[in-house]
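Supplied in structure tokens, the structure appears directly below.
Lettered A, B, C and D in written order, each chain numbered from 1.
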Amino acid sequence: MIKIGIVGGTGYTGVELLRILATHPQAQLTAITSRKEDGVPVAQMYPSLRGRVDLAFSSPDKANLNACDVVFFATPHGVAMAQARELLDNGVKVIDLAADFRMQDVAQFEKWYGMEHSCKDLLSEAVYGLPELNREKIKKARLIGNPGCYPTTMQLGFAPLLKAGVIDAGNLIADCKSGVSGAGRKAEIGILFSETSDSFKAYGVAGHRHTPETIEQLQTMTDKEVSLLFTPHLVPMIRGMHSTLYAQLNQDISNEALQALFEDAYKDEQFIDVMPFGSHPETRSTRASNMLRIALHRPGNGKHVVVLVVQDNLVKGASGQAVQCMNIMFGLAEETGLQHVPINP
Amino acid sequence: MIKIGIVGGTGYTGVELLRILATHPQAQLTAITSRKEDGVPVAQMYPSLRGRVDLAFSSPDKANLNACDVVFFATPHGVAMAQARELLDNGVKVIDLAADFRMQDVAQFEKWYGMEHSCKDLLSEAVYGLPELNREKIKKARLIGNPGCYPTTMQLGFAPLLKAGVIDAGNLIADCKSGVSGAGRKAEIGILFSETSDSFKAYGVAGHRHTPETIEQLQTMTDKEVSLLFTPHLVPMIRGMHSTLYAQLNQDISNEALQALFEDAYKDEQFIDVMPFGSHPETRSTRASNMLRIALHRPGNGKHVVVLVVQDNLVKGASGQAVQCMNIMFGLAEETGLQHVPINP
Amino acid sequence: MIKIGIVGGTGYTGVELLRILATHPQAQLTAITSRKEDGVPVAQMYPSLRGRVDLAFSSPDKANLNACDVVFFATPHGVAMAQARELLDNGVKVIDLAADFRMQDVAQFEKWYGMEHSCKDLLSEAVYGLPELNREKIKKARLIGNPGCYPTTMQLGFAPLLKAGVIDAGNLIADCKSGVSGAGRKAEIGILFSETSDSFKAYGVAGHRHTPETIEQLQTMTDKEVSLLFTPHLVPMIRGMHSTLYAQLNQDISNEALQALFEDAYKDEQFIDVMPFGSHPETRSTRASNMLRIALHRPGNGKHVVVLVVQDNLVKGASGQAVQCMNIMFGLAEETGLQHVPINP
Amino acid sequence: MIKIGIVGGTGYTGVELLRILATHPQAQLTAITSRKEDGVPVAQMYPSLRGRVDLAFSSPDKANLNACDVVFFATPHGVAMAQARELLDNGVKVIDLAADFRMQDVAQFEKWYGMEHSCKDLLSEAVYGLPELNREKIKKARLIGNPGCYPTTMQLGFAPLLKAGVIDAGNLIADCKSGVSGAGRKAEIGILFSETSDSFKAYGVAGHRHTPETIEQLQTMTDKEVSLLFTPHLVPMIRGMHSTLYAQLNQDISNEALQALFEDAYKDEQFIDVMPFGSHPETRSTRASNMLRIALHRPGNGKHVVVLVVQDNLVKGASGQAVQCMNIMFGLAEETGLQHVPINP
């Protein structure tokens, strides 16, 4: 059994970790911290976990995280970087669901997250936790920067095209849509039911933190300079993410060959489903599961390829992906504890 | 492995059976019938099942249901009664998710369902499939009438009070609310998104089929004549059912004693959660799981007890309960394949 | 033109007042206060009002409310009672959308609202602003306590029955359901989209402030002692309220006679629609309008009458009713500025 | 008063016309046809119209449409073309909300709508009913092809840029999102609440009928050849449309100059709101009103301009625009009957 600690388990990625780990056959949840909820049973805050999670939240100073095998940070940006060093020194692996260890470019991090990076020396050993693109490094990693939700879809959707060199890397557009849970569990008026239900909007159009993270990764796939225009939108649904990716083909290539690029790239992946060419995946086809689905289109058989990518932002886009990384790091079968069938309807 | 057939798998209870059985360790899905979808892979109709269910729908005449150990009917009312006899004669157990075998009173059935009962002789051996109230009979049953969704909540909510004789059986009120999936997967204008979203209404107030079914069961719990006023409502949510039950106390009884009635009645039940007195359960705390949660209230410490009951109408209210019955009938641990943690958020 | 001030215009009843008054032919909006938003144009906070409302919020000390003809308080409970005296002394009429002037029973107010009433002497002249039941007093009023949303539906639904003496006043049950906007525009986790969408729950079952308000009013309609069991629920929709009222008949009475009680009571009312006996009104049939619809049922032709009442909680349940009161107080046609057709779909 | 007929008033554009016309001071609704609902009072089908619309549906043969001043077709494609000739010959103006008279290119029409055009000779006098771009022609028109919902947003969003020649006409991308009401009021499983709620998807990515309609209009604005990639998506909300438009700048131009292009183009328009540069309009800011809002972005001050356009698909995207055309055709002030303030929340 893997002894697991969770720092900051009161948000949505935290409770989703708890849901997944509650039925993970190798997981032994040993500590979950929350400064504000010290002593409160987890199941009191989240009645969905009554009878399934017996632990109470404990304040960070009381929890003995150093005795864990792995600690997940489901915290705001900036927390993991303050605590990772000590944990690693005690032989504890660290998986950060926030942004602290996602980007190698410290200047970009500091610009977009508005804080100094207090743990730069660990960055070089931090591994970007996207298993389908980075599995070998994850196997040996002690410290994982778990990808952002949007970047997961953009990378997995553009990767086969970029690696094959069939699109113009300098002109990528990603029009992405997320459910409201992506904004977190915070007392903010902008994400109230009455403010977001029955409405739709874009946000962060001028610039969003997930752009530099994604570009840094996409750049590793090609010699050409990557330029990405990323536009996030808010959908009145709880979970789910849909990315509509636009790329211009730089050569004559058949639809079959495009489809083959994706099927080859992901043929051994359990959590990536390349659907038949021309499909329209719905976000709900991945709801509450670790699946990500991809479908290709070639409107008017023209110069653009359109890639549709869907996932559950809290699972493959966050906590499921983190558990997938944990499984890899500990030599478990990658799908262990992650075989939830999507909920439909 | 239990060889399983599903008749009529294209509706919501059908696809929910498929979701549950896909990870049930003892279930071997061998046939699923649909006249209209003959030959269509299940996963084509339900992309959420891609990679998880390999079967195709087959027309009823082609499917060899007689070779199954158990057949579920996820069909409209009236189908199971036409086919149950032959299956039973071939040693196949039958679980009907429709109403054909729920009620012993044929006249009531025929009045409320508007059809003649074509298989009356089997009714006497049909067992009402509510495990928490009828477990011993289910163990030996060949033929199960799986309870309606509303009746499940009303029975489990009133039972401890009725059995203890502390309420007036002649004056029960059940104000119940269901998500839209309870209306099924039918091409009807009344359940379109644009017709039901952002709105709320009652329906069937003058009389609903679940009233006689519930009264027949409640009557077995008391010598007094049961009278029940049941009002269903439609909630703009996909899944979930909330029943607000009102009963008048006929004696002086403390809140602690009331609470104890419920805790005692359900202390060994894995799928019934008696919450602390005065709790307000949310339907989402049971979402996509087989849990049913109950909380008691005593407004103003007056003469009424109010029982709040929540469940997922498609799971404990339908397909989960059916699998729970199957587990009991085949001697499996009752929770086998039913340990999904509710989805939150 | 009526010069109008609004105190606390940043909440949902405030912005709804602004929407209604923007097309009211006799309304001249002259001041709107908000301590926090001083100087911010209303239309910046509410883009829906761009081009329709030119005013900016001003801090209370800067706004010259004494120059208004009427001031609406769309504030938390306790604000109007502190300012009403001065306004009245300056000849300004006051309509409070909060609870300060709804109840004559100070002890009940202080118990349920947890604050001392600082303006008890004005209570005796305060008029309860439910026009259909209190029109004559509203005509002459200087100070209005605008009814709560739930109480509006309960009073209008029970009144014809109570006044005719055909029901048992001592055993009223009101199972009520409200859209989330009823909880206001506050930064609270409990009303986030991800917490309330796709779920349903009861709240305040043990006791709710709207019970004493409603009982105080219902008691004026009958000599018998009124007892009311009121259970509020939260529906995942923005606007709308549905009250399901249960009463026991104390005499033999035909359905036609019951229906006639309502049709007679409301035959001259423009904002009350008594639907055909046995109808199931949807909340959306009143969306964004000042209409309230009522339908009667007699399940099984038994001893209970069930009254279904729907309204938009922000209009007839709050701001629309307040404007209706204003129209009456200033001698305008009651429907002035309130003829919005409900939005469907 | 203008005598008005509506053909096919049972769909969403029909009932929205009824809502708008019910308070239009110059409109006299004289006939509304529906083959299936002959004799049924409109208010019985749409309780939201109780007390506001007294008419009953009549079958087309009984309705004397020739006595109207104008007839709206709120019908499926193909109906208006069969009846327009006779109406025009009788001096009745015609406004078709379907596609019959939107496109001059018959071949494109027949390809995309899968039917022969039975009234080609009238096409040359048909006027495309987008007032902000075509007002002078609408003034004199007898026959209007009312624009599609998506095309309205794409044209109004691209027009100032295309006309000024500052973008590459050959590389336009429109990523558009619509509420479910855009799919109409049809008994189809794909638009059930349980199928569309809490999910998001693209559709028609390979090609959609609104592309040729839009290109035909955009082409009139520039000498360059227009190429448009249009991707529609379905949002789980009733009303609302959000178009995210991407264009590449072909010259050095400041953000101020871009903004000025839009402010100048629409400075006299009552129904177009050019928001401050960098705004994020929400669809709800136009809910149930005839407003369309536009905001410009220049991500990273790069080569792309991103135009965000929102409207209510049933108002400015359909019935409101049709009434706006009617007002122009009959010499009324353009805003007559269209001054609804958007509903918020």
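The rule is simple: contacts are C-beta pairs under 8 Å (C-beta built on N, C-alpha and C of every residue); 3 or more make two chains touch, one makes a residue touch a chain.
Per UniProt, the chains are A, B, C, D = N-acetyl-gamma-glutamyl-phosphate reductase.
Because the structure is a prediction, the values reported are computed rather than measured.
Touching chain C and chain D at once are the following chains: A, B. Contact count check for B-D and A-D (C-beta pairs in contact): higher for A-D.
Relative to chain C, the most remote chain by averaged C-alpha coordinates is A.
Centre to centre, using the average C-alpha position, chain B and chain D are separated by 45 Å. One simple way to say how far apart two chains are is to compare their mean CA positions; for chain A and chain B this gives 36 Å.
Taking the mean of the C-alpha atoms as each chain's centre, chain A and chain D sit 39 Å apart. Residue positions of chain A touching 2 or more other chains: 12, 179, 181, 185, 194-195, 197-198, 236-239, 281-282, 284, 287, 345.
Interface residues of chain C, counted against chain B in their complex, comprise 173, 175, 177, 179, 194-195, 197-203, 205-207, 227, 229-231, 233, 235-240, 242, 244, 246, 278, 280-284, 287, 297-300, 302, 304, 306, 308, 310, 345.
Against chain D, the residues of chain C that register as touching in their complex are 12, 15, 19, 22-23, 46-52, 181, 185, 197-198, 238-239, 270, 273, 275, 279, 281-282, 284-289, 291, 293, 339-345. Note for the complex: chain C touches chain A at residues 12, 179-181, 185-189, 191-198, 236-238.
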